[in-house]
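Following are the structures in question.
Two complexes are shown next, each including chain A; its partner changes from chain B in the first to chain C in the second.
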Partner chain A sequence: MMSFFHSYTPLFELALFNTLLAFSQYVVLRAGVFSLGTAAFAAIGAYVAAIVVTTYGLPFWIGIVLAIAIGAMVGALVAIPLARLRGVFQALATLALVQIVLSITLNWVDVTNGALGINSIPKTVGLVGLLIAVAIVTYFMAAIGSSSIGRAFDVIREDETVAVSLGISVVKHHFIAFVLSGAIAGLAGALHSYNSYSITPNEYGFNMLVIVLAMVVLGGRVSIWGPIVGAVILTVLPELLRGFQEYRTVVQGALLMASIIYLPRGVADTLIGAYRRRRIAEETSRMRETVTA
Partner chain B sequence: MLMQQLLNGVVVGSVYGLFALGFTLIFGVNHIMNMAHGAVFMWGAFAGLYAVILFDVPFPIALLIGAVGGGMVSVVLDWVAFRPLRKRGAPEFSSIVSSIGASLIMLSLAQQLTATRVMRFPFDIFPIVVFNFMGLRIQLLQLIIVGIVFLMVIGLLYYLYRTKYGRHIRSVAFSEQTSKLLGINPFAVNFQLFFLSGALAGIAGVLIGIVFNSVHFMMGEPLLLRAFVVIILGGLGSIPGALIAGLLIGIIQTLTVAYISAGMADALVFSLLFLVLLVRPTGLLGNSGAVARVTRI
Partner chain C sequence: MKALVLEDLARNFGGLPAVDGIRLEAPAGRITGLIGPNGAGKTTVVNMITGLLKVTRGRIKFGDDDVTEADATQLARIGIARTFQNIRLISDATVLENVVAGFHRHETTGTFANLFGLPSAQRERRALEDKAMILLEQFGMTGLARHPAGGLSYGHQRRIEMMRALAMDPALLLLDEPVAGMNDSEAHSLADIFRNVARRGVAILLIEHNMRFVMSLCDHIYVLASGRLIAEGTPDAVGRDPRVIEAYLGA
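Right, the complex of A and B next:
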C-alpha cells in the first residue's frame, strides 16, 4: 500500500496542483466572468515565490504569502478596467494578459532568467503541504459558495439584468471573483515552484489556459465538486492513456468537445442535478402514498 | 531603412488581415470565436505544401489547393464542433470551448502526420525577382502577396454586398430566425460562410508558409493570437477594420522588432489589445450599436 502511494506521489501532487488552478478558473466562471487569466496569475505567483527564495533567501512561507497577495493584487488591478467588458471581450483581454505576462517572464532576463526559467528552487512543499492547501481552499470556496456572495455569483451568471434589479452590484462581485481567482492561482503557482525544483515561462502559457478551462468545463461550473472532479479526470486520464502517448491530445480535445456538446453542465453538476431530481421524485411518491393511505 | 521596414510591415500585415478576415466573418454572422481558425490555417498550408511536394504543382495551383483544403477543413469543423451547439442555442462560451477542443485534435493529428518536423516549400516554388525602386528592395513575391490580399478583400466585399448569396449571409447575420421565415436556408449559408473563412485562412497559410519558408503544426498559434488583436483593433465583425488593423499590427510589429527588440514586439502588441479594449472596445471601425456585424461596413 505504501509503495503504491509512493510511486504515484507525483501524480497526486499534480492532481492537487491542478485542482487549485481549476478552483481559480471556477470562481470566475461561476460569477459569470469569462476570464482566462488563471495561467497569468499562476505564473506571477510562481515567479514571486521562486524569486523570494532564490534571490532574497527568505523562508518559503513568506513566498507563499507574497504570492497570494500579489496574485490577488493583480487580479484586482485587472478587474477594475475589465468591469466594462463582457463575454468574448473579457476572454480576449485576459488572454492578452496571459501573453503579456509570458513575454515579460521570457524577456525580463535580469529578474526571471528568461527562457531558462528559475532552477534549483529548494523543495519545501510536498504532498502533505499541497493537501492542506487544497483542503483550505476547498473549505473557503464552499463557505463563500453558500454565502450571499455565492448566491450573488449564481444570479449574475444566470442573468445580469435580474441581478441588478435585485440590488446586486455586478461590478463589486466581478471584482471579488477576480481577486479570489488571482489569489488562488498565485497560491497554486507558489506551491508548484516549491514542489517542482524549477519553473519555466512556457509552462504558464496557452496550454495551461486550455487545460485549466477544460477541467472546469468537464467538471462543472456551479457546484464546488466541479473543479475537483474535472482536475482529477484530466490528470488521471493522460496516465491511463500512456500507451497511446501520441493520441493523448486527441483524446483530450475530443473529451472537451464531447463534454461541452453532450454534457454542457459538466460531470459533477449533471450528476448532482440527477441526484436531486431523483430525491424530489422519491419525496413526492412517498407523499402521494401517505395521502392515499 | 525605415521605408524598407514599413514595406515589410505592410506585407506581413496584409497576410494578418487575410487571416483575421475569416475569423471576423464567422464572428460577425454566428457570434462564434473560432479558436480553431489557426488550425484551419495550418491545414490549408499543409494542403498547399503536400500538393507541391507530391504533385509538383505551380504556385497558383498550390494557392488554390490551400484555399479548397482550408475551406473543407473549416466546413467539417462547423459540422462537428458548432452545429450541435447552434441547434441547442448554446451560449457563446460553449462554442469557444468546443473550438478549443477541435483545435487540439487538429493540431495533434498534424503533429502525428509530420512527426513534429518543420517542412519547407521547394526553393523554386516562386522565382526570386527583386526590383529596386527609389532605394527600396521590393520582391515580386511581396507585390504578389499584397495584390492577392487586396483582390481577396475586394472579392469578399463584392460577394457579401453585391450578390444574392451575400445578401443571404447578411440576413442570417441579422437574424437566423427571420431568415428562415423568409425562406433562406441557414445550412447553406453556414456552409458558404465556413468555406469562405477557411479558404481565406488556407490562402494565408500557403502565403505565410512561402514567405517565412516554414510549415509546421504550430504555425497557426502566433497568427491566431495576432488575429485577436487585429479583430479587436479593427472592430469585431468589421471587414475593412480587419484589413486596416492587420496592416497596422504588421507595421507596428515589424518596426518594434527592427528598432526595439524582438521580445518586446509581443508585449507591445498585446498591451495594445488591452488598451483598445479599455478605451474603445468596439475598435476603430466597429459600431457600438449593433455588436459590430458584417451587415455594417
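Right, the complex of A and C next:
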C-alpha cells in the first residue's frame, strides 16, 4: 500500500500544482475576464522563489511570500491598462504578457540563467506542503465565492449591463480578479520551484497556458469544484492513456473536444446543476403529494 | 424624495435623431407614464437616464444634482433602479441569488472581510437572503426561492426583475414595459405593487405599450412619437388628444 502510494507521489504533486494553476485561471474566468496570464504569473512566482533561495540564500518561506506578493502586484499592474478590454482582446493582451515574461526569462541571462533555467534548487516543499497550499486556496475561493465579491463576479460574467445597473463596479472587480489570479499563480510557481529541483523558461509557455485553460473549461467555471475536477482529470488522463503511446495527445484532444461539445458548462457545473434539478423535482412532487393528501 | 427632470434631452445615432429634445418630469411619490408606438425612442430615453447611453444634448437632473455625465454604476449607487424590456437575469443562478444581487449598493462589508471570509461577510449574506425572502413573499414566490431563474415562466421572470430592482431600495424606479406579455390579472397584481412603491415616496417612470394599463395607473402621461413629445397631461386628456390617436392608430 505504501509503495503504491509512493510511486504515485509525483503524480499527486503534479495534480495539486495543476489545481493551483486552475484556481488562478478560474478566478478570472468567473469574473468574466478572459485572461490567459496565469502562465506568466506562475513563471514570475517560480523565478522569484528560485532566485531568493539560490542567489540570496534566504529561507524558502520568504520566497513563497515574495512570489505571492509579486504575482499579485503584476496582476494589479496588468489590470489597469487592460480595464477597457474585453473578451478576445483581453486574451490577446494577456497572451502578450506571457510572451514578454517568457522572453525575459530566456534573455535576462544574468538573473535567470537563460534557457538553461535555474538548477539545484533545494527541495523544501513536498506533497504535504502542496496539500496545505491547495487547502488554503480552496478555502479562500469558497469564502470569496459566497461573499459580495463572488456575487458581483457572477453578475458581471453573465451580463455587464445588469451589473452596472445594480451599481456593481466592473473595473474594481476585474482588478480584484487579476490580483487574485496573479497571487495564486505566483504561489503555484513558487511551490513548483521548491518541489522540482529545477525550472526552465519553456515550462511556462504556450503549453501551460492551453492546458490550464482546458482544465477550467473542462471542469467548470462557476463552482469551486470545477478547477479541482478539471485539474485532476487532465493530470491523470495522460497516465491512463499511456497504452495509446504516440496517439496519446490525439486521444486527449478528442476527449476534450467531445466534453466541450456535450458538457459546455464543464463536468462539475453540469453534475451540480443536474443534482439540484433532481432535488427540486423531488421537493415539488413531495409538496404536491401533501396537497393532494 | 427626489424628482427626475429631463431638459431638452436628445440622442443621435449616426446623425439620425432617435430622441429629439424632450422635456419630462417624474416627481417623487408619483407614477409618471411614458408611452409611444414602437421605435418612438422610449428605451433610448431609459438608457440615457441610467447612463448606458451618452447624451447628445440636454440635461438630466435628479433631485438637486445634475447627473447628465454620471456613469451607470454611479447612477445605480445614488438610487436609480430599472427593469429591462428584454428580461435580463442570471439564468443559472437561483431566484434568491438573483434578488440578492439587487442589494449590492447597500452592502457594507469591506473588501478585506469578503476576501478572507470573515464572519461579518457571512452575516451580511444571511441578512441579505432574509431580506430577499421578504420580497419573495410579497411577490408570492417563496416556494421558488431555490429554483434556477432561467427555468421559470415569463411572468415569474418579470417578477424576479422587479424584486431585484426593488431590492436596490431606489429613489427612482424605471420600469421598461414591465407587463409586456402578461395577462390582465397578472398585470393588475403588479399595478398594486407599483402603487405601494410610489406611496413610499419613490418616483416611478413607467414605459409602456399597453395603453389601458398606463391609463389606469399613471397620474401624468408623456407621449413620444419619432423621438419627439407630441402630448402630455392627465390620462383623460392624453386619451382624447387627436395627435395621440393618430400616432397610435395611424392617420
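Methods note: the second predicted complex is superposed on the first by the 293 of 293 C-alpha atoms of A that agree within 3 Å, B and C clash if a C-alpha of one lies under 4 Å from a C-alpha of the other, contacts with A are read in each partner's own complex, and residues count from 1 in each chain.
Heads up, the rule we're going with is that a contact is a pair of C-beta atoms (placed from the backbone, for glycine too) under 8 Å apart; a residue touches a chain by one contact, two chains touch by 3 or more.
Note that the coordinates shown come from a computational prediction; the quantities given were computed from them, not determined experimentally.
Colleague: Once the shared chain is lined up, is A:140 touching chain B (first), chain C (second), both, or neither of them?
Modeller: The second partner, chain C, only.
Colleague: After superposition on the shared chain, which partner residues are touched by A:57: those of chain B (first), chain C (second), both, or neither?
Modeller: neither
Colleague: Using the touch definition from the top, say if A:243 reaches chain B (first), chain C (second), both or neither.
Modeller: The answer is neither, since A:243 touches no partner chain.
Colleague: Return first, second, both or neither, reflecting whether A:34 touches chain B, chain C, both chains, or no partner chain.
Modeller: first
Colleague: Considering only the touch criterion stated at the top, classify A:152 as touching first (chain B), second (chain C), both, or neither.
Modeller: So A:152 only meets chain C here.
Colleague: Looking at chain A, does chain B or chain C touch a larger number of its residues?
Modeller: B
Colleague: By the touch definition above, which chain A residues appear in both interfaces, chain B in one complex and chain C in the other?
Modeller: Shared contact residues on chain A: none.
Colleague: Can you list the residues on chain A that touch chain C in the complex?
Modeller: Listed in rising order, the residues are 139-140, 142-144, 146-149, 151-152, 154-155, 158-159, 161-162, 164-170, 176, 222, 265, 273, 276-277, 280, 287.
Colleague: Considering only the defined contacts, which chain B positions touch chain A in the complex?
Modeller: Touching chain A: residues 27, 33, 80-81, 84-85, 88, 90, 92-94, 96-98, 100-105, 107-109, 111-112, 221, 225, 228-229, 232, 236, 261, 263-264, 266-267, 270-271, 273-274, 277-278, 281 of chain B.
Colleague: How about chain A: which of its residues touch chain B in the complex?
Modeller: 34, 81, 84-85, 87-89, 91-93, 95-97, 99-100, 102-104, 106-107, 206, 210, 213-214, 217, 246-250, 252-258, 260-261, 264
Colleague: Spell out the part of chain C that touches chain A in their complex, as residue ranges.
Modeller: Residue list for chain C touching chain A: 50-52, 71-73, 76-77, 81-82, 84, 88-93, 97, 100-102, 104-105, 107, 109, 111, 113-117, 121-122, 124-125, 143, 146-148, 164, 168.
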